[in-house]
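Below are two complexes that have chain A in common, paired first with chain B and then with chain C.
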Partner chain A sequence: MIRFLSILFILVSNTIFSILEIEILKGSDNLSKVAFVPFGNESGIEENYGSQISKNIEKNMLLFGEFENLAVNEMLSYPSSENDFYYRDWKVLGVDYSVIGKVNSVNALGNLNISYSLFNINRRIKILEGEIVGSEDNIEDISKIISNRIYEQITGLRGIFDTKLAYVINSDADTYQMCISDIDGKNEQILFTSKAPIMSPDWSPDRKKIAYVSFENGLAEIFIQDLQSGERDSIQALGMTNSAPVWSPDGKSLALVVSFSGNPDIFLYSIRNKRLVRLTNHYGIDTEPSWSPDSKKIIFTSDRSGSPQLYEISTKSKRKKRLTRDGNYNARGRYFPDGKSIFFVHGNNGNFQIAIKKLSSRYIETLTSTSLDESPTISPNGNIIIYATKDGSNGYLGGITLDGKARFSLPVKNGSVREPAWSPLLN
Partner chain B sequence: MNKVLTSLNTFFLILLFLSLIFSMFSFPKLNIDETQSIKVNFYELIQQNDILFDPPAANTLIKKEAKKTSAINEKTNADETSIISKFKINKLDIKNEITKIKLSKEREDILRVSAIIQQRISSIWIKPNSLSESLIAKVLINLAPSGEILNFSLIEPSSNTSFNESILTAMNKMTFFEEVLSLERKLFEKNFRNFNLVFKSSGEIE
Partner chain C sequence: MEPIGIFILAMLCQVYSCAANVSDSVERMQYASVAGEEYLQGDKLETNLDDKVYFDFDKSALDAEDKNLLEQYLPEIKKAKIVRLEGHCDERGTREYNLALGERRALEVRDFLVVKGVSGKKIRVVSFGEEKPLKSASNEKAWAENRRVEISLY
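Right, the complex of A and B next:
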């Protein structure tokens, strides 16, 4: 009887409580469609600042191919305030988000007061509203701030439109230039020009200095250059050559490679007291160090197993761990900003591509489809990788979003571009 | 008198009990191995009792012969009982078979409609980028028999706001799941009147 009752209970409870569940694992390959409505200008404002700002925002948001836009001439209306905004005008055009705004006033000092809003068309709600005041001379910077806020609202990730890029241009066989520019390629500055190779630039966490390697004195030497003053200082580390400098997350030390009698090993260099601490000591080549976000570990490339592979070493215990085993070439490893994954250059049958690996997983995944990729650098929000690659003999910078939906190349410079380094975010 | 009645009563009870026991053992047994398909057993029964496929003809023949001799009559009655009892079991068997077929068809329909719904949601859900954590969110859907989405709610949100927002945005794009129109009403009510969509991010870099 008890048995019968329990069977009955199971049957009844199954009927009452079970509900069909359908799992959704895969997302769409489509991009979100955004309408950047030309910003309005309050009557009396002569210059069309509004239109300039909305065009800048659109350009920023489309820079990495993460969104699709709606052409202005396809729009059914041009609202600049919430009162004139009708969701149906955008829904029929398949728009996911609409950005509207207005220049409200310009004071005697030339300061603009701008208001803006972002609407989620499918949910029929306003998801962002803001106001910003800035000089008419800084319209691009104002646009970047608004773009960052919109990007963050839509993706949940920090906006990166005010970040910068450091890179080396090899304009001819004998000229090397250490450059920085805005992430969209504008406002390029040449920091240093040399007849000898320059390589491995890296930003200090406060974005005020850049460390890089220069061969100007015949040997690999590390320099730190102040971006404000332009002053450069050589690190007087010991050994024959010093290379591959990388700032620690707190900006107090550098991880670098020092070679004593031709055997490169990884060292930590304290910037304040100029002390050198050895991390690795092996007859193989140990190079290309990079810090984990929590400063506790350093990833580096070593050929101690017979081929270049990635290893991780604890900065305290100096315990080492091999991270890669696939293929016979895995180098230039870097951590993701969350510290849970790494990206690196993976070589396979003469092709060198950018690959990623979750540290908790055994498997690697190649991201790029070009064949001579090198020096990957990741956006500070962890969503985009920019890398140096080649088209014939000409080097350029390519990029890819981590979901693989968008691939892009950065504007072509006058010469081969190599060794990109993405700046940290401004806090 | 009472004693006689009581003893008679007891006797009939015993008789009833014995007849029950006897009737139980007189039913033919079907040894259906659970691991075997029921179709196999059904086929075997058909092989053994071809007559089952023409029961009216068999009955007519039996009735004609019954008029001739009582001995034959007894035998025929016994055969008839046997056939009927066997026929009854085979009816049950057929019923089981039909239920099974019906169930598998229902299952097939549920899977078919579920797959279409899954594909339609996947085609409009713009999954947020760079999610290196495993996330799960559950949405309860309430459908009208016409396929119209009457209501949906995020009953188990994930810890990630953008992930939840992306799901709500996708759900707002959907108005109908007209695929359910192809279902029988009973099946719709049981499975698709209320159902859950479970959105998952694998935690891998996607």
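Right, the complex of A and C next:
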């Protein structure tokens, strides 16, 4: 009976906590205006798939405050092919880019062929043309693929609309949930619910597993959960506290923290043969490891100087280098995807904010202006940082784009959301 | 109607059996071992002394007041079979660093007790970092209360 009740509880909680929705707080400093013309439908197609797809693309492209749109009812024409496209119709409305397209049916199986084009109005040229075939059940995925291509063409950055976010929800004092969702907050899945804290989620490079810390057995313990089967495996590392797991870029090992008799150090853990190799050995606190994109270095936090500062260590030579000297709190560093800069939590006069630093420079730049910011995670294209912050007693996620300084937030309807982890790209 | 209902429930049991097992084990964990040693929560010894010592931000040193409190506590601590020390931090700074800092605070208390003649073998140390605050507000008073080591005797 107890088992039955807990099943019902889980079912109910699935509907209560469904959640994240991005709210734009401030658009980019240099907003481009894009017209998303409703896609046409070949005659004979009963559903208006065309307009569904162009609306999805519009929503994706506006997600992080990087673009502004032209309302459909302000458009002077509704072309769905290049023959009907006139630059002056868009130039006069101050549009920078126009997206048009058309849905054709392929066969009776419900497959659709979607053709689309992107025009640069100021330069008066077509800059992208594409075709994609898919089933009507996959309209959302098709829209994401087209959105990625359009985004890439306009910004020169990889599109990230098919990425995901992992995060921890603390809905009340005794309920912790490990969740993942699409980057727009849709399709939330609860991977694990516990009465004890959950921490430090990190995606495997193939996006099939998540490593995290759970206190379900009374102390910090690292689990790897398979997303497809839901199966969870505990890493039986020795020591009192096992924490802060991060996957190596090749997915074969984790960097993690083991505290033998109370002294936390960084170790490398090989997943296949379960071997633990020590990387740091210092009586101070060494924690929060993260790999450089080329796997050669690991950044970590250490208080060996008397306050938490960032260091990097070569995984081969074990040579160490101190990376930060500004103020008395610089922690939980991560490398940018290009490996040339780092982002981290910077403490300054009692405020804890997200900061970035070029490794070649002495200076740090603070990105956020709230006071309890932590757990920053970066989009795989290196342009957007999402972090956890707090308003009153509720934790929510904040976000910022690095090129245009657009700001957005991802509030949660119930309780607190924390520890965002952006998934890698699916190649 | 009823057979179909039962069938659906059976299906749900299948689908959620993994999750249900998990919540069973969380249930069990409240009475299970911590750090490999068995003790029951029901055996917790009641004392009328304050069972918390407090720390400065990003510090794990015990001040004179803390040491004084622990001294008063010593006779009861020596009588207990198990001494559980739970380290905590305030919400400022990063979560993983705070997990390590909470452990450091609990170890500071352990070391003090060991110097005072308590057997290290019966001391259990655990850190929750900033994950289990006593007060959820974001101000100096709440932070000061959250930077603590809780002592429980069994």
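Here, the second predicted complex is superposed on the first by the 394 of 427 C-alpha atoms of A that agree within 3 Å, B and C clash if a C-alpha of one lies under 4 Å from a C-alpha of the other, contacts with A are read in each partner's own complex, and residues count from 1 in each chain.
Operating definition for what follows: a residue touches a chain if its C-beta (ideal position, glycine included) is under 8 Å from a C-beta of that chain, and two chains touch if they have at least 3 such contacts.
The structure presented is a predicted model; accordingly, all values stated were derived computationally and were not measured.
J.: In the overlaid three-chain picture, which partner chain does A:S259 touch, first (chain B) or second (chain C), both, or neither?
T.: The second partner, chain C, only.
J.: Scan A:K340 for contacts with chain B and chain C and give back first, second, both or neither.
T.: After superposition on chain A, A:K340 lies in contact with chain B alone.
J.: Touching A:I210 in the superposition: chain B (first), chain C (second), both, neither?
T.: Neither partner.
J.: Counting residues of chain A in contact, which comes out ahead: chain B or chain C?
T.: C
J.: Which of the two partners, first being chain B and second being chain C, lies in contact with A:A421: first, second, both, or neither?
T.: In the superposition, A:A421 contacts neither chain B nor chain C.
J.: Which partner does A:S361 contact after superposing on A: first (chain B), second (chain C), both, neither?
T.: After superposing on A, A:S361 lies in contact with chain B but is clear of chain C.
J.: Determine, under the contact definition given at the top, whether A:L112 touches first (chain B), second (chain C), both, or neither.
T.: Neither partner.
J.: Please write out, lowest number first, the residues of chain A touched by both chain B and chain C across the two complexes.
T.: none
J.: Help me check something: in the complex, which residues belonging to chain B touch chain A?
T.: Its residues touching chain A are 110, 114, 117-118, 121-130, 132, 138, 160-163, 165-166, 168-170, 172-173, 191-192, 194-200, 202, 204-206.
J.: What residues on chain A touch chain B, complex-wise?
T.: It is residues 19-28, 30-32, 66, 96, 120, 122-124, 155-157, 336, 338, 340-341, 356, 358, 361, 365, 381-383, 401-403, 405 of chain A that touch chain B.
J.: Can you check the complex and tell me which residues of chain C touch chain A?
T.: The touching residues are 9, 12-13, 16, 18-20, 22-27, 29, 32-35, 58, 91-97, 99-101, 103-104, 107, 125-129, 131-132, 136-138.
J.: Across the complex, what residues on chain A touch chain C?
T.: Listed in rising order, the residues are 2-4, 6-7, 9-11, 192-197, 199-200, 215-220, 230-232, 240-241, 243-244, 257, 259, 262, 264, 285, 287-288, 301, 303, 307-308, 328-329, 331-332, 345, 347, 350, 352, 371-372, 374-375, 390, 392-393, 418-419.
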